[in-house]
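Scrolling down, you'll hit the structures one after another.
In the two assemblies presented below, subunit A is common to both, partnered first by subunit B and then by subunit C.
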Partner chain A sequence: MIEYLIFAVFAGLLLHGIHRKAIARIQGRPGPPVWQEILHALKFSFKETWIPATASETLFVAVVLIAIGVWSTALFVLLTDGSLLLLFAVYMLHKIVEHGLGLSSGSPYGKFGAIRSVMSAASEIPLFATIAAVYLVTGSLMISDIQAWQVAHGPLLFTALPAAIALYIVVLAKMHYSPFAVIESKEIVSGNVTEHFGVWRAALDAAFGLKTFVLLYAFILIFLGPMPLLLAAAVMVLLLLSLSFICALTPMLSPFDTVTIQIGVAGLIVVYVLLAGVIP
Partner chain B sequence: MTMKKQTAGAVTVAAGIVCVAASVAWRLGLMETWIAIVLNVVAFPFFLVALGLWWNAAEKEGDTPFIGY
Partner chain C sequence: MFDLPIEGAELLAVEFGDIVDYFSVYTAVLFAFALLFIGLVIISRPEKPVDIVFGGDAYYTKEIPPEQLRFQRFMAIACGLATLGAMVSGDLFNFTLFSSMIGITNIGIVAAVKNRHVLEAAYQYGIVAMVATVPLFGGAAIALAATGTLSIWELAGAGAVPLLAKMLLVVGVMGEGMAPFYIGKAEITRAPGAPYVLMIHVSSLLLFLRVVEIALTV
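The block that comes next holds the complex of A and B.
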């Protein structure tokens, strides 16, 4: 069981490396090697580590532990074919991590990141719409039932395309260098993680690697159905590359625009859910 | 706040043992899946952070800082 966690951490960091490499190549730069993010996490773990004098000590450390715990839970929900509701409850907890990271540090940059994280809570609205649409089509929120439905009827991607697009935008919002990644935008240094350096940053990198792995794998399980591990890995990379293209070619949006777009997407999904499931 | 190398090492070993023991017990069918998951979810973050703090912690006192001419 621990082996799944370790594998997912390294796979997630490797996916981050591929993401950076793809963005660089699209932008005409050589970019770092794909294993750079693994080296990056290791490098941070060897850096001198302490807690800033302005920080709330308990929260500063606890939020790092919570980040790893939250995404470890999410991984096991996926692996045990658990409930979609549980998976997205975990996703909600990640918001607490984002707020906590920024607010615990005492840094104005961290606090700006945390405030932007509150604003970008709009990114969860397409998530609710996705869950509603998946339930209306498959009649269940258990991942095992959703997969069984797809074995019988084909991938949900084709049956509930708008819901898949909404979840795709949710995943995009959580990627590094995403147009929606306003909480770590460069004008506020590193946003809510500015003051988390050394071992804290290495642990956060591991947690965020887990997060990327879980979100991409969840998209595959929910919208493409069960598939062999190697094929799933290949599809995850393809999905990631499509996200990298968007990240490479789209500038960082303003916080207000990210909220507008995400609420707009959620609105479209609500119309879709009404048309598909409620009105008939 | 700094954690002593010995303390960090002890936390790493304890959390690592919990993770590995729960995983092995689950593989052998001696433990329910949800119990093994809970133990791993709780212990893994401590293992990861304490491991970093352990190999990061200095074994001796730091240099006396430069305090000016």
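The block that comes next holds the complex of A and C.
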């Protein structure tokens, strides 16, 4: 398991690097090299580290460890073909990490980021609409059953396209520089991670790299079905590039607009679920 | 034991007469998360929030009085214990009771703060939580009327609980959990005491995750 974990962390950081590079090229800038995020994480690991005097010390450190724990669990669920419900429960627990990172430091910027994080909890509503749609179509929430269903009936992407779009928006909301990434908007410095530097930032970078890998891989497994590792890696990069295009060309939305759009998407999916699964 | 393709394998069942509390992989993870945060609430000291004075370079930090700290900590631990109960409850009525207790303790965590804006937010949230008990218990009552039992253990996989009852349960839980109301009432987060305020979010989120599992199971 540990070898998969290390691979996923570095693959996730590499994906972050590709994301930054693609955004820069689309915007006509040279951009950093694709391995820049890996170098960042390694550099932060050896920087001087301390805990701010205003912070709640235990919580300040604990949320970083929880971030790593949460996404390691998500990777484990994915690799063992566990429950989709559990995978997304773990995803939602990431909200606590975002909120805790901001609150624990005592910094007003962190607190603004934390409040925005709770406001953007609306991004989880499309997630449950997705789960409901997948359950209605496949009759199971176990990832192994969903994959078996796709082997027999073809990719869920075509059968339940609105649910795939909803999950795509959920993944987009969690990407760096996303129009929904209001918690790390530059007018509040680095938002909820403003005070986490040095080794804490390195650990967070690793956890967020893991998060990106897990979310992209989960999208592929749920909506495209099982595929060889190399093909999966190529599809992950293509999926990431499509997200990079949106991030590069769309300005950051205001916090209330992000909530409105995400609730709107969830509403459309609920209508789809009712029409497709409940009313007949 | 019931094994539905929803939440992973069942790990343990504890019987109290006809009430069967159970751990599945899913509820065990949620239970462990709540337990972790109870531990954090017990051992963490609160932060010292920094407030900026707008229009100048000045800033100041706020200290939390010891009596407020003690009350918030007590309420946060009570909230955590209620959350533990809601995570493993195998009975719809017990689940609604634990949900209501989470709502009450959430109000307690916020209402300890002697700040006009925070107290107003706590008062308004209190009204929401009180009103939310109607759909919450109404959902459980409709489930009982339609099926003759409140045991999730017996209802699992039968699909006998009406959709209306499930929807009322979800609405009730959204009212009892404070987190959704942050959207309208950010004043709540003016309350200092990060480990305790975070428990509000933890309990609301776990409660919501549990009711989704219940709605899919029964």
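Keep in mind that, in the parts below, the second predicted complex is superposed on the first by the 280 of 280 C-alpha atoms of A that agree within 3 Å, B and C clash if a C-alpha of one lies under 4 Å from a C-alpha of the other, contacts with A are read in each partner's own complex, and residues count from 1 in each chain.
Please note the rule applied: contacts are C-beta pairs under 8 Å (C-beta built on N, C-alpha and C of every residue); 3 or more make two chains touch, one makes a residue touch a chain.
Note that the structure is predicted; figures quoted are calculated from it, not measured.
On the superposed subunit A, the two partners subunit B and subunit C both fit, without a clash.
Legend: residue contacts after superposition of the two complexes on their common chain; A:Ser45 is shown touching subunit B, with no touch to subunit C. Among subunit B and subunit C, the chain that touches a larger number of residues in subunit A is C. Residue contacts after overlaying the shared chain place A:His16 against neither subunit B nor subunit C. Touch criterion met: A:Asp145 reaches subunit C, while subunit B stays clear of it. In the superposition on chain A, contact of A:Lys211 is made with neither subunit B nor subunit C.
Contact with subunit B, but none with subunit C, is seen for A:Phe76 once the two complexes are overlaid on the shared chain.
When both complexes are overlaid on chain A, the residue A:Lys95 reaches subunit C alone and has no touch with subunit B.
Of the two partner chains placed by the overlay, subunit B and subunit C both lie in contact with A:Glu57.
Once chain A of one complex is fitted onto chain A of the other, the partner contacts of A:Lys174 are absent, as it touches neither subunit B nor subunit C.
Between subunit B and subunit C, the smallest C-alpha to C-alpha distance in the superposed model amounts to 10 Å. Across the two superposed structures, the residue set of subunit A contacted by subunit B and also by subunit C is 57, 66, 73. Listed in rising order, the residues of subunit A touching subunit C in the complex are 53-60, 62, 66, 73, 82-83, 85-86, 89-90, 92-93, 95-96, 99-100, 103-108, 111, 114-115, 118-119, 121-122, 128, 131, 135, 139-142, 145, 259, 278.
The touching residues of subunit B, counted against subunit A in their complex, run 1-2, 19-20, 22-23, 26-27, 33, 36-37, 40-42, 44-46, 48-49, 51-53, 55-56. Residues of subunit C that touch subunit A in their complex: 5-8, 25-26, 29-30, 33, 36-37, 40, 43-52, 61, 163, 179-180, 182-183, 186, 189, 194-195, 197-198, 201-202, 205, 209, 212-213, 216.
Subunit A makes touch with subunit B in their complex at residues 1-3, 5, 45-51, 57, 61, 64-69, 72-73, 76, 80, 198-200, 202-203, 206.
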